[in-house]
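A single structure is presented below for examination.
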Amino acid sequence: MNETPRYQPMDAMVYPRFSGIRTFMRLPHVTALEGVDFAIAGVPFDTGGTYRVGARFGPEGIRGASVLLRPYHPEHEIGIFDYCSGVDYGDLPVTPGYLPESHRQIEQAAAPLFQSSATPIFLGGDHSVSLPLLRAAAARYGPVALIQFDAHGDVWHGYFGGKDTHGTPFRRAIEEGLLDLSRSTQIGLRGSVYDANDIPLSRELGFQLITAVELHQMGIPAALDLIRRRTGNGPTYLTFDIDFVDPAYAPGTGTPEVGGFSGAHCLQLLRGLVGICFIGYDLVEVMPPYDPAGITSLLAANLVYEFIALEAVQRRNHEAQQHGSSQAP
Amino acid sequence: MNETPRYQPMDAMVYPRFSGIRTFMRLPHVTALEGVDFAIAGVPFDTGGTYRVGARFGPEGIRGASVLLRPYHPEHEIGIFDYCSGVDYGDLPVTPGYLPESHRQIEQAAAPLFQSSATPIFLGGDHSVSLPLLRAAAARYGPVALIQFDAHGDVWHGYFGGKDTHGTPFRRAIEEGLLDLSRSTQIGLRGSVYDANDIPLSRELGFQLITAVELHQMGIPAALDLIRRRTGNGPTYLTFDIDFVDPAYAPGTGTPEVGGFSGAHCLQLLRGLVGICFIGYDLVEVMPPYDPAGITSLLAANLVYEFIALEAVQRRNHEAQQHGSSQAP
Amino acid sequence: MNETPRYQPMDAMVYPRFSGIRTFMRLPHVTALEGVDFAIAGVPFDTGGTYRVGARFGPEGIRGASVLLRPYHPEHEIGIFDYCSGVDYGDLPVTPGYLPESHRQIEQAAAPLFQSSATPIFLGGDHSVSLPLLRAAAARYGPVALIQFDAHGDVWHGYFGGKDTHGTPFRRAIEEGLLDLSRSTQIGLRGSVYDANDIPLSRELGFQLITAVELHQMGIPAALDLIRRRTGNGPTYLTFDIDFVDPAYAPGTGTPEVGGFSGAHCLQLLRGLVGICFIGYDLVEVMPPYDPAGITSLLAANLVYEFIALEAVQRRNHEAQQHGSSQAP
Amino acid sequence: MNETPRYQPMDAMVYPRFSGIRTFMRLPHVTALEGVDFAIAGVPFDTGGTYRVGARFGPEGIRGASVLLRPYHPEHEIGIFDYCSGVDYGDLPVTPGYLPESHRQIEQAAAPLFQSSATPIFLGGDHSVSLPLLRAAAARYGPVALIQFDAHGDVWHGYFGGKDTHGTPFRRAIEEGLLDLSRSTQIGLRGSVYDANDIPLSRELGFQLITAVELHQMGIPAALDLIRRRTGNGPTYLTFDIDFVDPAYAPGTGTPEVGGFSGAHCLQLLRGLVGICFIGYDLVEVMPPYDPAGITSLLAANLVYEFIALEAVQRRNHEAQQHGSSQAP
Amino acid sequence: MNETPRYQPMDAMVYPRFSGIRTFMRLPHVTALEGVDFAIAGVPFDTGGTYRVGARFGPEGIRGASVLLRPYHPEHEIGIFDYCSGVDYGDLPVTPGYLPESHRQIEQAAAPLFQSSATPIFLGGDHSVSLPLLRAAAARYGPVALIQFDAHGDVWHGYFGGKDTHGTPFRRAIEEGLLDLSRSTQIGLRGSVYDANDIPLSRELGFQLITAVELHQMGIPAALDLIRRRTGNGPTYLTFDIDFVDPAYAPGTGTPEVGGFSGAHCLQLLRGLVGICFIGYDLVEVMPPYDPAGITSLLAANLVYEFIALEAVQRRNHEAQQHGSSQAP
Amino acid sequence: MNETPRYQPMDAMVYPRFSGIRTFMRLPHVTALEGVDFAIAGVPFDTGGTYRVGARFGPEGIRGASVLLRPYHPEHEIGIFDYCSGVDYGDLPVTPGYLPESHRQIEQAAAPLFQSSATPIFLGGDHSVSLPLLRAAAARYGPVALIQFDAHGDVWHGYFGGKDTHGTPFRRAIEEGLLDLSRSTQIGLRGSVYDANDIPLSRELGFQLITAVELHQMGIPAALDLIRRRTGNGPTYLTFDIDFVDPAYAPGTGTPEVGGFSGAHCLQLLRGLVGICFIGYDLVEVMPPYDPAGITSLLAANLVYEFIALEAVQRRNHEAQQHGSSQAP
């Protein structure tokens, strides 16, 4: 276990969890990245939304719900802040209503995060924001594996005349060579689609695809096995569209699809990804205006917490390896 | 595949799905039935409700959510409008507050739908509307099999002095000889009841009964097997009370019962009914005023979409058969 | 009184108001303009929104609430459809996420409405849509007077780098010569602003300005007097941003400002504009996701009804004049 | 001041107001009327509703909000329970879905209340319930004066074929001779109507009519003067449709009309009716499912409290008179 | 079957379920305990809440939803009121804002319930109320077994300086010797915690612990087997924190944790506890202000119904035993 | 005008208002007070609430809505940050469930704010928090004048046995000599009360009292005149209970009272207090869980903005005086 990390949450035994400024987990709001192991950054951009809009308030909603999170993860048996120093980096700048310009701003603002020693975790925003984030990731790591939890493939050619939307980011990412498709997986696709090619398209493009119906049938352990084998050890980016989850568990999203998964399913899936070499994460499409009971933001905050726990375990393992090798004669 | 159907939805690539008049799936609002394969018709009547009321706004709610539906069904691998022409027929006339008169109006207005070559799909309204709809169905087909998804049997003798309500339609239907009970099934019954006879009653009346507890235990494939064997090949009417679904997935209904089923369960069940000879469908008891996150209407719209897909497959099969026999030497 | 108009609402004595497809007032959905006196058209575009978004669902919300409207206006003592034939024209095409392209689409689609004998009434959408609508209006009429009910002047130079948003349409309109400022009025401005020039700016640009504080002080009759004298007899366009109204009466909007006006105030103001030569109207910034009790959409539908009544009175007056002159020897 | 009354609310200094069974004001639930000065009775019937329904939950909503009421009325300077003994009588029996039968049940169940020494105060339910209540009132008192607060006259001939609805009770009451029209007033009518006769109809039938626009113009003192002069000293029934109030103050109702009145207006109006000889009251059309913030039920509970205060003052005056005359030599 | 019980619900065939005063199940509100087999009592205290508050309205919410419950339980095949007489005892007195004083009040007011022949069922309030309830239980029975359904162990030493909260009652109960830990079980614990000791702590203190992850893995029958074996035949108290349930099914609670259980899971678990010797029950942490669709209160009412059914079966068994032994020669 | 202040909000032209960490007005979160002119501090304590609770989320709600505020106040014609440097100080520590301890914490934490050159503005929390805040104020200034906007006097002797609650702070403050009653005013009291002494009590204690009915009658200018004359030039504390406002404008509060005031009324009142020597402000009783449309938090944020504007004007006047005197020969 390393020394006390530089940045950790407010102490809930001194300041009750309902108090204080709503940063993620009430971590310090810091924009310098020295001594930071993970950084939460909002990307409040939703101009790419083709049905409902309002994901620009996603970061606010997730931060508000995140104050319920506590520092020890009992399933991974790890105290997050024994291994990680974490901050809330604030939000990346965007220009509402202007997608190309905003994508440039997001890519530029995300770059230092990917270049730093911190692992960035982004809170969307609509799914279009994954494209500039992947651009920034690939600038550091080259093509990365993608693990995409999503009800939709988001690999359309375009929409309304060849434009970018939240339905196209991964098509663009493939075209730009940002993804290592041989290591990438899409999971959770379901619902009615526009034509017969929509589902095969993901496979044709090179993704391993596990549809929702397939996942319901094979069960989570089998799916985890497929994902882990596919992903291997290289740098990997995880993108989680909250519409992977069933509307009963996550009504507050842009294009909800029935027949999805429960919160418990999500936890089991994310915990099963331990050991994969993640270099960044995003959680997108949370829309507080459509979430009257707040359960979407709450689940999203918990999923982000699972991302953080994956980071903590990764650092524990790394430390153990170093300790082991340093002890070697 | 037949030629371009006469009626299909607006093109979402030209008109975004959030735009336009809210017909079901943004189909044309047409009241002539020539060249129509399926017709959606609202039955905004809720005077039969014995607890909550408001199902008169069910058709509006379901239509509003239906704009999210797309034309290709990936599990049945079928483009709906490659095989079907569909319309929104509007609402049948009713007289709020006057049940017998409204039932007469509904039966009379539904008759031409059942008499036409289109398969009608009705959006309730409370469950009392199934009675006049079955009257209209039986006038064309004679006694029909009933597959009833429901938390309640709705076979009470009466309520408050022998009257019609949403708890009595199938008792009346049996008395009038509208049902072929030897081919009929009720599925999903659960919750506290008024007395010891309530559950046995369905069996005594002649239904095959699969209670919610039984369905949870046997699983969906076993239940589908029971239903399909029971139903056989004759004309069949499907009625789906949204309270079959658990309140977490469908809070917006009149007499919610805990311990129900998920959206994914419903999809699996309905998809498993492919090949049954349906001559009509209804989906009832959706109450938008009790549905703050809109998930009940969204699920209902998707269940109606499954009805439509069953129709499309039926027509594809029929076409294939005709094609096969015409090719025979 | 003229002969029976071609288009009028469904008869609520036959079809209860909660039934049927949700066109505005349950008018026929018609896209041919012959024999039409007023046409309601949605403009579901909200990419120009700088704070909350969701006005793309404004037309749906207003149409849903409009079924409560009845055909006789007791204060103007006029049966609307004794003098007017009206239709719901549906929605103009837009491309969500693409403002300049959408503005071109809107202008192009609005042009035939302004060129026809029908008076168009548009349902936004965010306030940016007024710019292409004014372009289409000016193409027919030349510079028009503007009467703008609004909590904000919407005359910023730009926002985030010179771009179009819902805060800039009237600056653009002035630059393009679409407005006759000598006849134009802004009314209702209030709330904190970005700098000292914001309020004077409207006056410097040439508007007659009546701020909210001034309106509270002078009272409605005095304000009507100012507006009527300013507007005169030329062609006039009325734009009503629902945030003119206080958030207690209209919470469902994009940038609500406290200290506004009541529904009764709005009715009195709009009724007092009778006799002005309106050539088009819009009502913008209604956001159903922020309107849990539905009162914003309800008020908006009623304000649109007041626009329609102004049209009906205008036609009655015109008829009376013609009748008078034709009777002259 | 008389001796301690038999029935009064739970003591909020011992049992906090959020605790206990939700009777009105936490009064004892008693169905014997001996020693009772006022009795609150629910009439949870809403089959007469022609647009929204759900007023059957009105009594529950009003009772829930009523726990905030305290026993001393500072404007009338009276301790309610110094002069009154009050109970919650529970709900009158009704048969949902069956209007004529329910009206018979209501009339029959209301009769003992009107025949007793207690003044009954009814919580609707839709406005159709006023008809059987007036029948029961007239059976005791003969034709009574009516003071009707309402956005709608509710004097239609019929609706959908001559039937009873919440739009017809007072037409029926007139036909049956239940009202002394020479002493009756309707106040608050507004909004669009079906035809030119709707507003004049109230006057032709014999009511004094004060429309909403007139009330806004003349002010409350002038209106009170008109009402008081008209009503005189005979037995009077007060019916208050919550849609008299503006939707901003009372969104939870069946046919909301914009341009109405505030809560403060209502209090001033009701307090100004002191001294009129009321023999019964009802408050109708509260619909909790459409009242997300609970303000409609809260206002309704306060208006009922004003009814109770009128009763208390009436009894204080009566006591003072008796005391005065008994002291006379 | 015994003679007609003294107290049972209103007859829903005479008084529709939406009518009448909201006692639990519309049972008589009675505070004498003679002839009573089970008594429902509210404990509207929430000063112990450390995150959200509002459980003081829990009893109101649960009572409101309970009117949907009917008297026959089809899975246990028992008519509740054939074996039980039940009442709504009202609420126990509390002093909001004063925890120690309220705990004294609660203990004192609960004592006569535990001393009587009735089995008490308490509706919280926050989980801190279980402590005084257990004190009252142990005063009658000595140390009791505890079966605790909960997402949290609630066995912290303290919070904010050694104080009582809803996170500490069972630690206090252990210290005071109120529990027979050798027979006690905690089930459902999950979510992030404050440190590594939180989960082991329950086991160290002596509880049998079944975490949520363990329960998801082993399944309900295995868990029931563990609980039943542990509990044995002695006096047992059941406490059910509604946060055992997943937020999708029960959003209206104080510290929701994702990854929980469905309503159907709860029913199966509670039904499997038949035969255990329960001497009291509580259901806590229901918060109506966070329950916009009312599904939390509805589920809670149904869980209380399962408690009642366990009581009825226990009494049926007891009767059968007595009958059997009395028949013995 | 002084030089650029040290602390001001994020620039909305660079970072859209929906982005970033939710401090008040997106001011820097700073806990050092050097160079600070006003400091916003949350007091998320609600254990003193006697009906609804949840004001602990008041600061979060107000901060969330405050991002809509802009830096220039057009009525006072002042750029706030031309004269003021402002920060969000975060929340004061509290212990939920423990009133006396929390009051000590609040007083202690507020002391450095009152001792500094910054003017503190507190966001409640329930009204009980005003007591420790006044203690801290009086420690610096001696007895201060109080201007209290409130529907309730909050001067009860006690509640449930002599304890502190949100209904007693000002009685305690008087007893402790914290107030200069000869300069103090209560305004807005209304609604039913517990007994005849409640309203006179405020006057007997020494307050100038303007009830809601009196304020409605006299109008705002007359009331302002009374307040200003009473207050004079000494140090003054302003406390604003949001229930001063009508529930239509502010439903999200603990003990709403109908018959209150509009947002426009509040603005006019607060703007009319310019020139009074305020040494601190609080705004209390905002409860987001009861505020589904967010209008209560929005209004509260705007009222706090008016406090800030009063500060800015005070500092401009002070500067002008200094400038004037320094220019004197």
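Going in written order, the chains are labelled A, B, C, D, E and F, and every chain counts its residues from 1.
Keep this in mind: a contact is a pair of C-beta atoms (placed from the backbone, for glycine too) under 8 Å apart; a residue touches a chain by one contact, two chains touch by 3 or more.
Predicted model only: the values in this text are computed from it and were never measured.
Asker: Please identify each chain that touches chain A as well as chain D.
Answerer: Both-contact set = B, C, E, F.
Asker: By label order, what chains touch chain B and chain D together?
Answerer: Shared contacts of chain B and chain D: C, E.
Asker: Which angle of rotation, from 0 to 180°, maps the CA atoms of chain B onto the equivalent atoms of chain C, to the nearest 5?
Answerer: Answer in degrees: 180, to the nearest 5.
Asker: Answer with same or different: of all residue numbers used at the interface between chain D and chain E, are over half used by both copies?
Answerer: same
Asker: Go through D-F and A-C and name the pair with more C-beta contacts between its chains.
Answerer: Looking at contacts between chains, D-F has the larger number.
Asker: For chain E, which other chain has the most distant CA centre?
Answerer: That would be chain C.
Asker: Averaging only over C-alpha atoms, locate the centres of chain A and chain E and give their separation in whole Å.
Answerer: The separation of the two C-alpha centroids amounts to 39 Å.
Asker: At least two other chains touched by the same residue of chain E: list those residues.
Answerer: In chain E, residues 14, 16, 18, 50, 52, 56-57, 95-96, 160, 246, 248, 290, 292-293 touch at least two other chains, as defined above.
Asker: For the protein chains shown, what form does their contact graph take: line, ring, star, complete or other?
Answerer: Contact pattern: none of line, ring, star or complete.
Asker: Chain pairs in touch?
Answerer: Applying the touch criterion to every chain pair yields A-B, A-C, A-E, A-F, B-C, B-D, B-E, C-D, C-F, D-E, D-F, E-F.
Asker: Can you list the chain E residues touching chain D in their complex?
Answerer: Residue positions touching the partner: 14-16, 18-23, 29, 42, 44, 56-57, 59-60, 63-64, 88, 90-91, 93-96, 292.
Asker: Touching residues of chain B toward chain E in the complex: what are they?
Answerer: Against chain E, the touching part of chain B is residues 50-52, 159-160, 190-196, 198-199, 211-213, 216, 246-248, 251-252, 255-256, 258-260, 290-293.
Asker: What residues of chain B sit close enough to touch chain D in their complex?
Answerer: By the definition above, chain B touches chain D via 46-50, 52-54, 56-57, 95-99, 101, 160-161, 163-165, 289-290, 292.
Asker: Give the list of chain F residues in touch with chain C in this complex.
Answerer: Touching chain C: residues 12-14, 16-18, 68-75, 77, 79, 246, 248-249, 262-264, 266-268, 292-295, 298-299, 302, 305 of chain F.
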